[in-house]
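Next come two complexes built around chain A: one with chain B, the other with chain C.
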Partner chain A sequence: MKTGISVFLAAFVALGASWCGFVLAPMLQLGGAKQTVVLQSTDNWPLQRTGDATLGLQIYRAYGCAACHTEQVRQTGAAFEITLNSLGVQKPADFIEFTKSLFVLPELAAYTNAIATGLNDWNGGLPKTLLTSTDKDIVTEMADRLKAVGVKSETRIVATGADIARGWGSRQSVAADYLYDQPVQLGGLRAGPDLANIGVRAPDANWQLAHLYAPKSVTPASTMPSFKFLFEVRPVGATPSPDALNLPKEFAAAAGYEVIPKPEAKQLAAYLLSLKANVPLYEAPFTPVMPPNK
Partner chain B sequence: MNPTENKTSCDRELNDSLRVPLLALFGGAAVWLVVGLVLGLIAGIKFHAPEFLGGCPLMTYGRVAPAANDALLYGFCIPAALGVMLWIFARLSRNPLALPLVPVVAANLWHLGVFIGTVGILLGASTGHTWLEYPRAAAVILFAAFMLITVSAAATFGWRNEKSLYPSHWFLFAALLWFPWIYSTANLLLNSNQAPRGLVQPIIGWWFANNLVFVWLALAGVGIAFYFLPKITGRALASSGYALFGFLTLIFFGTWCGIPSGAPVPAWLPALSSVAAALTLVPLLAILIVTAKTVCGARVSCMGGSFCYIKFGMMSFIVSGILYVSAACPQYSRILDFTWFGAAQTQLQLLGFAAMIFFGAIYNILPQVMGRPLPLPKFAKAHFWLAIVGVLLFVVPLVIAGVVQGEKLADPSIAFADANSAALKFLRISTTGQLLVLLGAILFAANIFIMTIQWKLGIAKTVIAYLKSPLETASASASASLRRDQGEVES
Partner chain C sequence: MSDDHQSCSILSAGEPAATRSAAPMWIIVTTLVLLFLGGIYFDRHSGWFDAKVYAPYASAENLGAYQPQSGPAVFLARGRKNYEAVCGICHGPDGLGKPGQAPALAGSQLVNCKGFDRLIHIPLAGLAGPITVAGQGWNLNMAAMGAALPDDDLAAVLTYIRSSWGNTAGPVAGDDVKKVRAAIGRNPQPLGGAQTMAMPE
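On to the complex of A and B.
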């Protein structure tokens, strides 16, 4: 490094290489991404947002909601899960006896404990998850044996991981989910819960608005500040407004007043309701509890 | 580096050329430092009292927090670094700053850009991309201002009298090339009307953020430290071979970090990034060796002077680098992602490493360039202690908060609210640290502003004296230059 030129060249090559790797290559690989198709369906994914929800994304950006909320669900893997739907003519006690007869099978040896403890305090309620395993053969074998004795069961693919267990989603987020976000706001801190599926978890618009107006009115442990400035508190007119929020008593406006969401609040709520990555995709398969095209 | 640099008339010429540009860069930087820390404190308080300033849409956490971070990075770190760089380029070239008017214009443009950007974020015009929140108007101004500074730095280097190239040169050159490249790429792609769709956006965002907050600050901070450490200890930089190795590995490995290992992107991206992060330990080690060899055994009394600042800054650089690398390891990132750990690392990088090095450099440069000692030397010492205690109180609890929060989040049987409140306990201590850092910054700003005012009064007095008694001008200007010389000898 005796001359300025050599320093310049080294720096140029170093930064240029990473530019090719992390700017150019992703543009080539993902830049032309198009809608994809939902697994075992002809539906397209993702869907364009409604006008209000598209405006709501800008409200989300402007208030910096992504500073505290992520929009990405992570999973550690996937597993197969057998759920009992009906015992047919068998009684629960008979069924437990039957499962014990299976425990001698060498391929089930690793799972006998899990199945036995799962059935220990079972009172016969259905549906009941019998076995969760990443090994497809075991689960298929088990399902065949259940079928042979007239027990109805269902085998599902489920995603695993802490985010999934918290109910934040039924699968991990994938690149396709963000196709129509402008800008994409993945977020980097979970000072509040993940929102990738808030539209599935809380599909009620009044809940969303009440949560924005007074977060503690719907989630008492919330540390989110209220966004009261997105609402207008005004005297009830001749007839109460159909938009007025339905709030618990201690958060409601004074008697004779009602809380009306401003357009911004409605748009933000529409955006939040549009956040639902709940369909199986090729790169993130799972078996939906309710098939989406039903 | 060049301890025998002789004090000639060249020195005075050099200082004269740098005075106004450096005051313009450092003065604005000091203002943004205080503004950024105040905004940061407001953001911090919101975690203890969510309704604090809650009625004001300008002051939502999501606006104040990025405005604070950007004010610290764009408002303070970059102009402070650029000022010190101009000084180093002029000193190492042994000639006055070329085109001294250009950086003055650039400094004012830069601070205008930061002002527009900050106001833009608070009004809701943020772009929504981390570290790139400033709206388009601000970005254009910042880019233009940076290019102007680069022109002046390049011209100073091009017309140099001293031909040899020092390790500082490598780092600072690279820094001058880095910023225009990454800032223009990120803004042209993300901040345009034809932004790429989908996840390409956060990928470019991560590339930019890593290259700015990790690589650029490392280049600028280490480059400046490698100039001042030998200067202060009065001996050459130890093993420039290691320095070269550190430089090359930093720019070849460090640039590939930054993509979180759990990101919902094609798997090769985070995998490559994790490998690069592990390799980044190599430059960290090389830079640590060079620094330790240069510093150890030096007979320099520290006592809150420049040397202390820069030593602490380099220690923070290593620690912050190790935190950064460890968070990129897939095993840890599963726990640490989405927690306060990331914020802790960023703040250590900004306030513990970069800012400390720049403070040390500025406290060293200002008395020379102004030709008078610091008006409040006690403030500078108090600032040092406030800064290190503040940074430690700010960052250490945040790191612990991140680990605790991450472990609780990874266990789905623990309610989300419990994981959150476990972290909040540590945030209380952290906010105290923020307050101390802010107090220190106010002392820093006081020194710079009193010095500027004294200098302006001095000019006014000279002018008045000139107007009143034209016959005595010769002796007045002679005594003024005598004062300057004394100031230089003392420093």
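On to the complex of A and C.
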């Protein structure tokens, strides 16, 4: 075979090029990733997990949770949102009249309908989202005009997309979120909801444990299999265990018995509670909702 | 097999050999067009391999436009940053103070009160002498730690401590700090403890 060396070189270049693209380039780009900081704060992100939660990650892996759950929130866009915080001395009716007067401005004309529909069924409650747009100039223009008439507003940055709308997170998942995951378990199928923020959505350890023991006890429509083998049903001793699950009546153990999580269940719950990828980062910015100031 | 069968025309013409031939022009043109389109796509969507740029953001510049610039959340964040750099060393990042060094700000009636003129006065002028915070007596000196901070930064710090760790007092504006600073003048003297406690809020 006279062309053997050319065939070998061609195959080598083809494989080498894909290795460079899929292995070398990501390694150069993200291989040196370090802890970063939460946007507008001095907090580090992400934090190393506690011992229990680190063990829990391996249990999450062993029972194949990633077969039905993802740990990745997707985002398709970002937008600016103007939220009214206070009308100052204005009354809601006057304010609606004022915004109508803004509609004659050519740069705001495209938003006329959106704002008008939003204000039609507005009962004067605050805070109120007035305008959502990807055009920063329009939003700045609107905010300046509101400021000029003494109305207090805040311009917020919001992530958009189906996952965000489902309440699975305030922003997309980025590489920094998985810094301490070994292995990273993104998952590929969403038979169940995304878990990237389950520690924020369900911060109660008893909820997590009850959900593992009998998923239907906390989510009636759940199709998740029960993980009863992670629990022990035993007679109540002289004093009830502080670890005993607090379950609704139809799922609770028989009288005189209590449901105790085995260490594995506690570790898995600790891992689930540690999933809180919901802080703003430079690479995934959003304006967090501040607790109301009394 | 007999020898007759092998005497077909291919063998009689000799061993076939691969020869070099020019690649067709259409393949070259198509490849160049695809490379060009790929280059345009790369330029618009890659973020030039910046590790911080993820889709849907197209470039570092585009991502920069979406960084929070203003608003209450940013003001509070600015306050927290300054607090942790200047005040947190003694009062603690959790606002609980340190025994023998500084009283707690969380739940302190000097912080968590309706007015804020007295609260602004303390970091601007300092405080020396016995005060009572949350039922506990303290007899320490605090230097005018906030005098070097710009008005806006100090207002942000005070807003932060008035709305954190369970405190629920209202925000302080930069203009409020400006007024108090003007009233204090250029050579601030630390107020005594009793004087401070007697000051109107």
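The rule is short, and it goes like this: the second predicted complex is superposed on the first by the 281 of 294 C-alpha atoms of A that agree within 3 Å, B and C clash if a C-alpha of one lies under 4 Å from a C-alpha of the other, contacts with A are read in each partner's own complex, and residues count from 1 in each chain.
Basically, contacts are C-beta pairs under 8 Å (C-beta built on N, C-alpha and C of every residue); 3 or more make two chains touch, one makes a residue touch a chain.
Since this is a predicted model, take the numbers as computed values, not measurements.
Student: Between chain B and chain C, positioned on chain A by superposition, is the outcome a clash or a fit?
Tutor: Overlaying the two structures gives chain B and chain C room side by side.
Student: Where does A:41 make contact in the superposed view: on chain B (first), on chain C (second), on both, or on neither?
Tutor: second
Student: With both complexes overlaid on chain A, does A:172 touch chain B (first), chain C (second), both or neither?
Tutor: Both partners, chain B and chain C.
Student: Using the superposition on chain A described above, determine whether A:154 touches chain B (first), chain C (second), both, or neither.
Tutor: Touch status of A:154: second partner only.
Student: Identify the partner contact of A:282: answer first if only chain B is touched, second if only chain C is, both if each is, neither if none is.
Tutor: Only chain C is touched by A:282; chain B is not.
Student: Is A:3 contacted by the first partner chain B, the second partner chain C, both or neither?
Tutor: both
Student: Of the two partner chains, chain B (first) and chain C (second), which one does A:61 touch, if any: first, second, both, or neither?
Tutor: first
Student: Would you sort A:30 into first (chain B), second (chain C), both or neither based on which partner it touches?
Tutor: Both chain B and chain C are touched by A:30.
Student: Of chain B and chain C, which one touches more of chain A's residues?
Tutor: More residues of chain A are touched by B.
Student: One more residue to check, A:236. First (chain B), second (chain C), both or neither?
Tutor: Once the two structures are laid over each other on A, A:236 reaches no partner at all.
Student: Based on the superposed arrangement, let me know which partner A:19 touches: chain B (first), chain C (second), both, or neither?
Tutor: A:19: touches chain B, not chain C.
Student: Could you grab the smallest C-alpha gap between chain B and chain C in the overlay, to the nearest Å?
Tutor: Minimum C-alpha separation, chain B to chain C, in the superposed model is 5 Å.
Student: Would you tell me the residues on chain A in contact with chain B in one complex that are also in contact with chain C in the other?
Tutor: On chain A, the overlap between the chain B and chain C contacts is residues 2-3, 29-30, 33, 76, 172, 174-175.
Student: Help me check something: in the complex, which residues belonging to chain B touch chain A?
Tutor: 46-47, 50-51, 54-57, 60-63, 65-66, 121, 124-130, 157, 165, 169-170, 173-174, 177-178, 181-182, 185, 189-190, 195-204, 206-207, 211, 244, 247-248, 251-252, 255-256, 258-260, 262-266, 269, 272, 334, 337-340, 342-343, 405, 409-412, 415-417, 420-421, 424
Student: Quick check: in the complex, which residue numbers of chain A touch chain B?
Tutor: Spelled out, the residues of chain A in touch with chain B are 1-4, 7-8, 10-12, 14-15, 17-19, 21-23, 26-27, 29-31, 33, 61-68, 70, 72, 74, 76, 162, 165-166, 172-193, 219, 221-229.
Student: Over in the complex, which chain C residues touch chain A? Could you list them?
Tutor: 17-18, 49, 51-54, 56-57, 63, 65-74, 76-78, 80-81, 84, 163, 168, 170-171
Student: Taking the touch rule as given, give the residues of chain A at its contact with chain C in the complex, in rising order.
Tutor: Those residues of chain A that touch chain C are 2-3, 25, 28-30, 33, 39-42, 75-78, 85, 136, 154-157, 172, 174-175, 280, 282-285, 287-288, 290, 293-294.
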